[in-house]
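By written order: A, B, C and D. Residues from 1 in each chain.
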Amino acid sequence: MKIGVITSGGDAPGMNAAIRAIVRYAIPKGLRVVGIERGYSGLLEGQIVPLDLRSVGRIINLGGTVLKTSRCPEFKTPEGVQKGGEILKSNDIDGLIVIGGEGSFKGAVELNRVSGVPVVGVPATIDNDVAETDETIGFDTAVNTAVSAIDRIRDTALSYERVFVVEVMGRDRGFLALEVGLTAGAGVILVPEIEFDLDGVCERLMTYHERGKATSIIVAAEGIGDTSAVVRCIEEKTSFEVRFTKLGYIQRGGSPTARSRRLASVFGVHAVELLLSGAGRSMVGIQGTTIVHRDLEEVTKKRKTLDEKLYELAMELAM
Amino acid sequence: MKIGVITSGGDAPGMNAAIRAIVRYAIPKGLRVVGIERGYSGLLEGQIVPLDLRSVGRIINLGGTVLKTSRCPEFKTPEGVQKGGEILKSNDIDGLIVIGGEGSFKGAVELNRVSGVPVVGVPATIDNDVAETDETIGFDTAVNTAVSAIDRIRDTALSYERVFVVEVMGRDRGFLALEVGLTAGAGVILVPEIEFDLDGVCERLMTYHERGKATSIIVAAEGIGDTSAVVRCIEEKTSFEVRFTKLGYIQRGGSPTARSRRLASVFGVHAVELLLSGAGRSMVGIQGTTIVHRDLEEVTKKRKTLDEKLYELAMELAM
Amino acid sequence: MKIGVITSGGDAPGMNAAIRAIVRYAIPKGLRVVGIERGYSGLLEGQIVPLDLRSVGRIINLGGTVLKTSRCPEFKTPEGVQKGGEILKSNDIDGLIVIGGEGSFKGAVELNRVSGVPVVGVPATIDNDVAETDETIGFDTAVNTAVSAIDRIRDTALSYERVFVVEVMGRDRGFLALEVGLTAGAGVILVPEIEFDLDGVCERLMTYHERGKATSIIVAAEGIGDTSAVVRCIEEKTSFEVRFTKLGYIQRGGSPTARSRRLASVFGVHAVELLLSGAGRSMVGIQGTTIVHRDLEEVTKKRKTLDEKLYELAMELAM
Amino acid sequence: MKIGVITSGGDAPGMNAAIRAIVRYAIPKGLRVVGIERGYSGLLEGQIVPLDLRSVGRIINLGGTVLKTSRCPEFKTPEGVQKGGEILKSNDIDGLIVIGGEGSFKGAVELNRVSGVPVVGVPATIDNDVAETDETIGFDTAVNTAVSAIDRIRDTALSYERVFVVEVMGRDRGFLALEVGLTAGAGVILVPEIEFDLDGVCERLMTYHERGKATSIIVAAEGIGDTSAVVRCIEEKTSFEVRFTKLGYIQRGGSPTARSRRLASVFGVHAVELLLSGAGRSMVGIQGTTIVHRDLEEVTKKRKTLDEKLYELAMELAM
């Protein structure tokens, strides 16, 4: 049996640990493993390389993905998917493990439909916006990177007695912003899932100020839209000077945290197990401490819910 | 209602985040909160200070504990416990939250027995050796600190082609070593719960070497006993130069990771809830993603089991 | 003799180490030390607090400034300076140490002119744009923070095969960008002091690409003006996808590096020495490994030159 | 002209940045560059690989050395050196750049003597114990690593109110300990160059304690000998609990700081320049901000002096 591994979409810290786990678990079981480089683009160009035990040495601690990744418009067409399926078959690939997020999984579902090649999704994205799994590979790392950055910004905030607005990633969802806001001790957290009015935000900041809090940090998800409008609005409605920082691409990189590495290792092993057990189209996920298997197509159709109670708790602890 | 907060035993990153959560959650509910300084020693000396919303500002990201901690032999005597109970009562403390590990919880159980004052345990120790909870406050931080340290040591290991033995904390248990070994990509993990023979370890190292792996890192729990004997033994049985590093107290400190801060925040809130709901003697824990409450005395009598499957998985991925 | 310490302008990591050194060196010599809070704003409001040996304990490793800082428009008027001088005198301050950058030094020169109170400048700014000193407090920390951030971004750059443009601080100067670009291994460095044409930049990127370099990182000083125009221009002139990140306020904060702490300690001690020796208006600086004293007014009139040879060297090593 | 590059002795962060600078500077000037792997051991075994512009891509931020290193007893014999010289010649190597410390330079001097092949030393060691240069590659990184580790240990020290003794590397010299002690804010610094009596140390600790300082950190150089005897002695002479941590190999690794990368880049370029200019046997160094060239044999015979004034200053600022 020969399995292919591909990383697709935005890179996430821990992807390499997943590749390592897949290779190290599969080979001693008699499987051959190939890596498909540069995501679906590389698949369409037949960029396929063999992977052995040593080729995944020393990568568990590296950010990014050694297989590289890309976005591939061609793969969104029926012809692209058809071609992808043919290349899988002509390379005798009996099963494909796709490490990526929802968009990558949609492509994998199509690939399975046209080619019949079994596909297993391994959820990896810093946005944590994949349904049916509590956590995705890379999320814990991105949260810690953002929190460390905010710890730095707080030094200046405390020295200057100003309000800082920090925009974090997360695409159209607020998972990253909520977790970062809670653990960085943000005074206000703005996420797309929960409505807010800027008058209320300003009142909150002024209440904090009256209680003796000289500076506040607002964590905003990029998904709320125009964050700089929020900045201007707060400046107009209050007497506070407001500074704005968009954390940007530093959130994507860096050596994965222990937790991202662990999740990647466990997911990788289970993905191989799933292919060995004859699964046709599934995703590995974690719920609590239990590893679960879900139909990959179902996953792409579901919307993950944000934990609103956790949001309330974060706001109760803020001041 | 007036509640006391105490940190006891070894310090763990995230203790401050727990103190913050307790204070910030309790005060708006009308409770008064006092901090008992320097663990049970401070209790016996009546070192009790009021805590308000602002006094826990800017501490969420600090390692250690602002309430300080200690070990207190006197508190292990019936007279000490008796005195502690009297001081709680004379200070009108209606409930006590003890942030610490198993040893601290034993003291809390006794304190509750003699005084009748309700006690709630919040598990916080880098060793993760508290039963009935998957994780303790500080564990995730210590794992990441150790993994980062090993990532550094690997630079030298790879440059020198040597075997490195790294001893991590964990008291008499292997939770920290297992998690660190798995996520640092250690070639061998030695924990007190799982028997090993050094001949087997040496064979494993030689197999790795034959496969082209020039260096190996062995992660050993302090609980296995004399680690430097292991070092000497490997040097004798193989031709490899072996270097030994004991990570020591760096594992205890540092700014808590997001996960340690989150666990601390959630535990802190639930501990207050438990006191409000009239619980007499319980511990807050987490199982999967569910917060659980357990009888505090039961907890101190149970032995937590190490996940042997995870150990096997770590060894399968090593080479 | 009673001396005042003030931090003014943008905060810089290491300011606290300088405050600590001043207090710890001055007090055993029989001097009294007071801290003026919130920069010149706090001076005008008489926010003056005594400092003793213990009050500067545990701050050597903290970013920002425990004395806080501000910008103060009022202090730019003759009336403001006059008032400041009177407050110094009414508080019996016999000498003032100003920790800050060029703007803060201009204020100090005026203050000295109207009041006659001796002033000593201690150069502290992440921008390193103060004449007559090779280095300012905070510069080394900011360089390392930016380099670490770029190391993270490189993970994504390598995974995606794209061009990344990273904007760093530095006000209207390129000191920070040059040092960061050199040590982060940037493919192109853009600084205001050295003219560049975007055609040349694009050619360079294409040459790199032909040599097999899949990704490039461009480090741009904020002082070059509209960086996002550079991004758009490169996208139009080449086939490369370009991503833009502005590092922002994370560069200001964080625990100071050893070098920033050392410079701060040495500068602090020499500033006290200068006041003791009766200097009227001077700045402490470092040239090579020699501590120098310069007339503070002269310093504010000189423009520091960028090391163009170092720039050329950085470009020679890039590819 | 064909030049060889070798890294020898203990690895130091920044060695890779030096290799990169040498290759990137030499090749466009028409030189060929080969890397000799595994130090002098690899030289004797003829492990020589060509290096090109791309082979040094993405290594500027890596700790350790991609050329690997070793200690080589055979090379300390006349026969070994003879053989090394012959291998250089049979490989048409016209000049050799040796990146390492004093021991490696002694070997290089011998190699030059027997073979006539020009050799240039590039000082790289975390110990900073090379004469005629203010700083060696890797020193700044090791200092910062140790200081960060101590910042972590301080969390526990402050929580527990204990004395911590931290042993740092430095072989038989105190350069690392002095710099670390100064910038970590240690209460006491013990180095082999400056005599100390333990009674005085204990008195100092007690004075600190009387002033209200609850915890002290002692930084000790490994060169002082039996540090654990110091620990026991302090415990006996004072009432303080003392904890001991030996930082160990974490000090050797890690991504180089900006300063280590810069020094490596500048040294690498000048080493190539020296070979091009026909130098026979020299070392590149830095004094202040000036790059200097010194006779390599002279360097190995000189003993670098410790800055005792800096030591006194560190002690004056401690309390």
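Following the convention adopted for this analysis, a contact is a pair of C-beta atoms (placed from the backbone, for glycine too) under 8 Å apart; a residue touches a chain by one contact, two chains touch by 3 or more.
Model, not experiment: these values are computed from the prediction.
Visitor: Work out which chains are contact partners of both subunit A and subunit C.
Guide: Intersection of subunit A and subunit C contact lists gives nothing.
Visitor: By how many degrees does subunit C turn when fitted onto subunit D using C-alpha atoms, rounded in steps of 5?
Guide: Rotating subunit C by 180 degrees superposes it on subunit D.
Visitor: Taking each chain's centre as the mean position of its Cα atoms, how many Å separate subunit C from subunit D?
Guide: Subunit C and subunit D have C-alpha centres separated by 28 Å.
Visitor: Can you compute the centre-to-centre distance for subunit B and subunit D, using the mean CA position of each chain? Integer Å is fine.
Guide: Comparing mean C-alpha positions, subunit D is 35 Å from subunit B.
Visitor: So what's the Cα centroid distance for subunit A and subunit D, whole Å?
Guide: 40
Visitor: For subunit A, what residues touch not just one other chain but two or more?
Guide: 151, 154, 158
Visitor: Viewed as a graph of touching chains, is the assembly arranged as a line, ring, star, complete set, or other?
Guide: Ring.
Visitor: When you check every pair of chains, which ones turn out to touch?
Guide: A-B, A-C, B-D, C-D
Visitor: For a test of understanding, state which residues of subunit C touch subunit D in their complex under the given definition.
Guide: It comes out as residues 17, 20-21, 24-25, 28, 53-54, 57-58, 60-61, 134, 140, 143-144, 147-148, 151, 154, 158, 179-180, 182-185, 211-213, 255, 257-259, 261-262, 265-266, 269, 287-290, 313-314, 316-319.
Visitor: Quick check on the complex: what are the subunit A residues that touch subunit C?
Guide: 7, 11, 13, 38, 62-65, 68-70, 145, 149, 151-156, 158-161, 164, 243-250, 252-254
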